[in-house]
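Working notes, structure below.
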Amino acid sequence: MNTFGQLLRVTTFGESHGPAIGCVVDGCPPGIAITAEDFSHDLARRATGRTRHTSARHEADAVEILSGVYEGHTTGTPIALLVRNTDARSKDYDRIARQFRPGHADYTYWHKYGIRDPRGGGRSSARETTMRVAAAVIAKKWLADRFGVRVRGHLAQIGGVMPRSHDWTVVEDNPFFWPDAGQVAELETFMDALRKSGDSVGARVTVVADGVPPGWGEPVYGKLDAELAAAMMSINAVKGVEIGDGFASVAQKGSGHRDAMAPEGFGSNHAGGILGGISSGQQVVCSVAFKPTSSLRLPVEGVDVDGNAVEIVTTGRHDPCVGIRATPICEAMMALVLMDQALRHRAQCGDVGEVAPRIPGG
Amino acid sequence: MNTFGQLLRVTTFGESHGPAIGCVVDGCPPGIAITAEDFSHDLARRATGRTRHTSARHEADAVEILSGVYEGHTTGTPIALLVRNTDARSKDYDRIARQFRPGHADYTYWHKYGIRDPRGGGRSSARETTMRVAAAVIAKKWLADRFGVRVRGHLAQIGGVMPRSHDWTVVEDNPFFWPDAGQVAELETFMDALRKSGDSVGARVTVVADGVPPGWGEPVYGKLDAELAAAMMSINAVKGVEIGDGFASVAQKGSGHRDAMAPEGFGSNHAGGILGGISSGQQVVCSVAFKPTSSLRLPVEGVDVDGNAVEIVTTGRHDPCVGIRATPICEAMMALVLMDQALRHRAQCGDVGEVAPRIPGG
Amino acid sequence: MNTFGQLLRVTTFGESHGPAIGCVVDGCPPGIAITAEDFSHDLARRATGRTRHTSARHEADAVEILSGVYEGHTTGTPIALLVRNTDARSKDYDRIARQFRPGHADYTYWHKYGIRDPRGGGRSSARETTMRVAAAVIAKKWLADRFGVRVRGHLAQIGGVMPRSHDWTVVEDNPFFWPDAGQVAELETFMDALRKSGDSVGARVTVVADGVPPGWGEPVYGKLDAELAAAMMSINAVKGVEIGDGFASVAQKGSGHRDAMAPEGFGSNHAGGILGGISSGQQVVCSVAFKPTSSLRLPVEGVDVDGNAVEIVTTGRHDPCVGIRATPICEAMMALVLMDQALRHRAQCGDVGEVAPRIPGG
Amino acid sequence: MNTFGQLLRVTTFGESHGPAIGCVVDGCPPGIAITAEDFSHDLARRATGRTRHTSARHEADAVEILSGVYEGHTTGTPIALLVRNTDARSKDYDRIARQFRPGHADYTYWHKYGIRDPRGGGRSSARETTMRVAAAVIAKKWLADRFGVRVRGHLAQIGGVMPRSHDWTVVEDNPFFWPDAGQVAELETFMDALRKSGDSVGARVTVVADGVPPGWGEPVYGKLDAELAAAMMSINAVKGVEIGDGFASVAQKGSGHRDAMAPEGFGSNHAGGILGGISSGQQVVCSVAFKPTSSLRLPVEGVDVDGNAVEIVTTGRHDPCVGIRATPICEAMMALVLMDQALRHRAQCGDVGEVAPRIPGG
C-alpha cells in the first residue's frame, strides 16, 4: 500500500539505492502554479549532508516534473515527480545483505516477501520520505493560497533536552529546527559527543497548522486526528503520536481539559484543534515521537538468513538523530492530510456549505 | 467515512438515541461459525450500566444477525448486525440542542454539516463503538481459530494511578480491567469520590496481541503501526497512541532501544512487535491515551447556536472515566486491524508464501 | 465487495429469503429533505407482484430509516435503510439446495465460498436491487434539486420487439415501461404466451439523464462511461452495456459518428453525452442488455453438489422477463454514478470551478 | 482517478507529448521474474508506426524499471515503469490549442478543469494505454505461471467486415489481429482506401481468457463482469462492452440461453464464463466496440475557446481504425482485472479455499 490519501492520492515508489525515487500525485485541483524550483526549499530542509549532524549522504534531490503541469500550472491530471538517486553506495551494504539488522525492517521484509532489496535499506529507508516532502510542497501551496493555512513544525525534544523557550523565528536558523536559540550551542555539543560515541538518540517533533477552518475531518473512521495519527506513524522510526495534550490528558480532570468557549472564541486548546474528529478552527497540534536510529557503529547481536548468530556493526552513513530531519516530513504529512480532508469536505458539504445551518426544531 | 478496513470492511451506522445502531461486515471469509450469542460477552464488557463506575444508561445490546450467516456459518456475503436502542432518553438532551458543549463535537458537527442530531450526542457518541466491538467478535474468532492470535487489553493508568503489578488473570475480575488486584479497592474509593465531585479523569489502556506471525503489515502507507494508530485515534476521546516504548523512545539511546536478535528469538521488545511497519512475530503492544470526558455536572462557559455565551451543565448519564469501558473497544480495533492485515497479506503473499525465500545473490 | 461508489458509498446487505435486506448510504451531503414515504414510488415500480407479467412474490417493501436523518433532513452521517422480507418461502427452494441451477450463481458461489445460502438465490437474487433503488431515491432527489438533473428509463426491446415510436409520457402508464402505447396490447399477448410456455425472454433497457452539466467524470480509470458500464453490468442478468451509439459505432465512419459542434451546441449525440470519459452537457445515454432468466418450468440438465447429473425444474416464483422490472434499477445505478461523480468533481474542481478557465498560451 | 484495481493497483501518468509516460504497479506479489525486455513484445503489438495501417508516430517505447525489482524478481514493493516520449511533435497541435475538436475530449477537459494540455491530446490520448499494456505484462506472466491462465484477443469486426473463419494461429501474423487469414488482403485494400479517403472506421475486439478457475469475482459490486466492463469502457474510443452473448441475449429465450451442466462440464457458453459475477471455469469472453476515431483530414464544424464557430481539420498522425491496435490493450485490461480478482479471491477465501465445501443442512 504505497498510496496515501483518499482524494489527494500520493503514490510513492523507489528504493534507497535504486535508480530513482518518485511519486504520482493524483486528484490535485487544476490551476495551481508550480515549477520544479518550488520543491527545492523543503527538500533541502529534509536532506542529509547539509550539516555534520545528519547522514553524510549527499543527494542533489533535483525534482523532474514528468506530467500534470502545463505552462506552469497543474492541469488536474496526475503529477509525476522524479528524483534520480546519485549518491547510492550499494557496496556499503553488501556485507549485510545476508544479515538482519536489529531494529530494522530487514527481518520483517524477509518474512513477509521472502525477498528483500538490501541496498541501503531498500524501500524501508527514510529516503522514501523525500517524495512525501515533494508532494506536500503542492499541498502546502494550495492550503496557503486558498485558505491561508500554514503548516510548520519544530523539534520539541532531543533525548532528555527540551526547549526552555519558544520562538518560531529561530526555528529555521539552526540545524535542529529548535525553537530556543539559546540552546543551540548546547545541542551541538551534545550531538557531537553522541556522534563520536557511535550511539543515537530519539526526538520529539511538534507540528502545527494555523488557519484551518472548522469542519475538516470525516467522522467516524476518517477523523482528522485518526488520519494524522496514521500519517505520522507511517514515517520511519515513529513510535508515538499525540493530538493536543496527548498522553498528558490521562492524568487530567475533565474540568481542566475541556476547552471553554466564549462568543469571542475558545479559552484554551487542550484538544489540539480537533473535536469529534473535526477541526474546530483552533490551531491543529500534533506531536510525534521518533525512536533513536538502530544503525550504529556499536556492535549488536543479530542473526543471518540461515538463522546463525552474528555480530552486526553498521558502517554506512546514518543520522545520529533521525528526528532532526523529520520536521519537514511531519509537516508534509500534516499538509497532505489537511488537503485531502479539505477536498473531502467540499465534496460532501460544498465549497460554501451544502446548506445554510438549520436551527434544531426550527 | 463510516467504513473501516480495506479487505475486512466494517461500516457502522446509527445515532446514540436513534432507533438503532448497526454495522455491515464485508469481505469476511466464509465458514466462520458464529451465532447471535457470540456477541454477548464482549458487548457486556463494553456496556454501560453494569457497575456504578460507568454511565447509568442500560441497553440490552441484543444483536440481530440480518444477513451473511447460514446455518451458523458465515457465507462470505455481507454480515449485517443490528442493535435496537431501548434506553434512549432524548429529553435529557433537549435543553442543549441549541448549545455547544465544550469538549464535545457539537460545535464542529454544526460547522461541518450545518445540522446536527443533538439526541445523546447523535453520531459522535461512544455508543457507536458498540458495533466495533460486535464486528470484532468475528475478527477475534477468526484470528484465534486460524492463527492462534489472542488480543487482550487492560487499563494501565487512571488519572495518576498506575498498576504496581501485572496479572492478566485478574483483569476481567474487577470493574476497571485493572491488572493489579491489590489496587482495586483504592480505585473504587478514587472513582466514588470523583463521581461525587462531578468531575472526570483520563486513562491509559494497553492492548496486546500474542501469536501474530511475522509478515503482517503493508509498507509504506498501510503499515501495521500506522493503521493501529488510526484505529485507536478514531475511538472517542483518544488523544494519543504509542507502539512499544512510544514516547519513552525519545529519551532513549539507540544502543538501548534496538532489540537484539539471537537464533532463539528477540532479546527484548522495545519495538512493540513491529519493524518497518510489519509484524516481527513478537507481541504487538499498543498504548492509548483517553482524555477525561467533558460531560460534567460542573458548569462551564459555552456558546449557543446564535453565538451567545451560556453556562453549560450536563445532567445526562455519563462516565466519570470513559477509559474504563474502552478496553474492549481498543481490543476490537486491534483485532479488526490485524484481521484486515492478515487478509491483505495473504492476498499479496499467499497463504503459505507466494514464493520460497530467496537468498540474495543466490 | 458490497459497496458501490467512491464518495457516495452505498453498502447493501441481505439475502433474498433472509430476515431483511438493507443498505447504508455514506457520504451523503447534509440537508436533503427525505422521509420514509419518498421511497415508495420507485420501490413500487421495481416490485414484483404488481402485474401478472412479473414474479408473484409480494413484498411490502416498507423502508425504515434507521439513521442519518433528523427532523426530515439528512445530517451527513450514514443513512441506514432497512426492509424486512415478509413473503419469503424458503421451502420453495429446499429441493434445489443440493443442486446447481444452470444459468444461476449456485455453482459459482459454491466454488468460491464452499458454502451458499440456497434460500431464494440468497445474495445473488435480484432482491438485492431493491436497496439500490432505495438508495438512488436520495441521489435522484439531490441531482434534481441541486442541478436539475433528471434520470429516466424505458424498455427499448423485448425479445425481438422494438418500439415503433417514442413517447416519454406513456412509459409509466403500462406494465412494460414501454414508450409506444400502440404496442402495449401486442406485448401483453406476447408475454402471456411466453408465461404459459414456461420460457423467458431477454430485454433491452435504455436509460438517460438530462441536465447533466459538462465536466462530470474522472479520467482515466474513473470515467463516467466506465463507471456506468460497471454499474449496469453489476445488475443481475446484464450481459451488455452501450454508451450512445454503442456497438453500432463499429460499422460507422468517423465522419458520421463524430458530433459536430456549433456555437449554439452539438449537432447530434452519437457519443451519448460523454467525451473522454467526461460529460459534455448533452443527454447521457446508456443501453443495457438483459438476458432471459434461467429459472424456468422447462427442465434442463444440471448437476448436484456431489457431481451427479440431475434434471432441474424451477417451480418458484419468477419473472418471464427480468428486464421489465429493470428500468428503475438501471435508473438507480445511473443516478448513483452521477451523484458520486458530481461529488468527486466538486472535490477536485470546486462548486464553481477551482479556477477561471485559462486560455492556452495566455 | 488514475489508479486501476483494488489489490493490484496500477497508477498511470503522463501526457501524449509530455516528457514521459509511466506507471506504478503496487500490490504485486513478490518473486515474479521480470526484466525490461519482457515488455517489448506486447508494447510492439500495441505500438504505432509498425504498419501503414496505424499512425505514423514512432516511439521506441523502451521501458525503464525504476523500482520494485531486485536481481530480476519483483520484491513486493511498488514497481515503477518509465517510458520517455521521443517522437512528440507538439507543433502539429499548436493550431488547435484554442479549438475543440469534435468527438474529442478537448471540450470536456476544458469544462472540467478550466485548463488543458493540448499537446497531442495530452492526457486523453491513447498513448496512455502504453502503460496499461506494460503493467499487464506482469499480470499475464503471473496468471500464466501460477494458474495457467492465458489471455488473448483478436479483431472480430472492422466496419462491416466480420471474420468468416476463426484460427488463433494466424491472429498474430497479420497487421489486423484478424483470425481469418483469407480475408487479410481484402482488409488491406479496405484500409488503404479508407486511409486515402481521410475517413476512419470502427471495430470490434474480442478478448478471451482460458484457464480461469471457478470462483474469481466479487459479488455484488465487484463482479468480474462489472469490472471487465469498466476496464474496457475506460479504454479510449470504447462505446460498448459485452460478456458472452451480450446484446444477442435480448432476443434469446431462456431455454436457449442458459448453459446446461453435466458431470463432464458445461454444454455451451452463452454466459461467457461468468455466473452471478463469478467465474465458472469456462472461457471468459468479452467483446468491445470501438468507435471510429474523430481525428480526420475531412473538415468538421467545431467551436473555439471563445465560442466562435471554426472549421476543424486534423492533420496530425492518426489511426484510421483505432480498434486495430486495441487488441493488446483489451488483453491488458482483462489480465489486470483477472489478477486483481485472483488476489482478492485468495484474500477472502484463501489459496486453497478458506474451508472445505459444506453440504447444506449437513
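Letters A, B, C and D mark the chains as written, and numbering starts fresh at 1 in each.
Keep in mind that, in the parts below, a contact is a pair of C-beta atoms (placed from the backbone, for glycine too) under 8 Å apart; a residue touches a chain by one contact, two chains touch by 3 or more.
By chain, with names taken from UniProt: A, B, C, D = Chorismate synthase.
The structure presented is a predicted model; accordingly, all values stated were derived computationally and were not measured.
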Practice problem: Write down the chain pair with more C-beta contact pairs when A-C is set against B-C. | Solution: B-C
Quiz prompt | Chain whose mean Cα position lies farthest from chain C | solution = A
Quiz item: Just how far, in Å, is the C-alpha centre of chain C from the one of chain A?
Solution: 44
Quiz item: Taking each chain's centre as the mean position of its Cα atoms, how many Å separate chain A from chain B?
Solution: 25
Quiz item: From the C-alpha centre of chain B to that of chain C, how far is it in Å?
Solution: 38
Quiz item: So which stretches of chain A touch two or more other chains?
Solution: 1-3, 12, 27, 30-31, 73, 76-77, 109, 112-116, 123, 219, 344, 349, 354-355, 358, 360-361
Quiz prompt | For the chain B and chain D complex, residues of the former touching the latter | solution = 7, 27-31, 71, 73, 76-77, 219, 343-344, 346-352, 354-355, 358, 360-361
Quiz item: Given the complex with chain B, which residues does chain C contribute to the contact?
Solution: 1-3, 9, 11-15, 18-22, 24, 26-27, 30-31, 64, 66-68, 70, 73, 75-80, 82, 109, 112-117, 119, 122-123
Quiz item: Across the complex, what residues on chain C touch chain D?
Solution: 1-4, 6, 12, 97-98, 100, 102-105, 107-116, 118, 123-124, 128, 157, 159-160, 199-204, 214-223, 225-234, 236, 238-247, 249-263, 267, 270-272, 274-281, 289-296, 298, 300-303, 305, 307-309, 323, 344-345, 349, 353-361
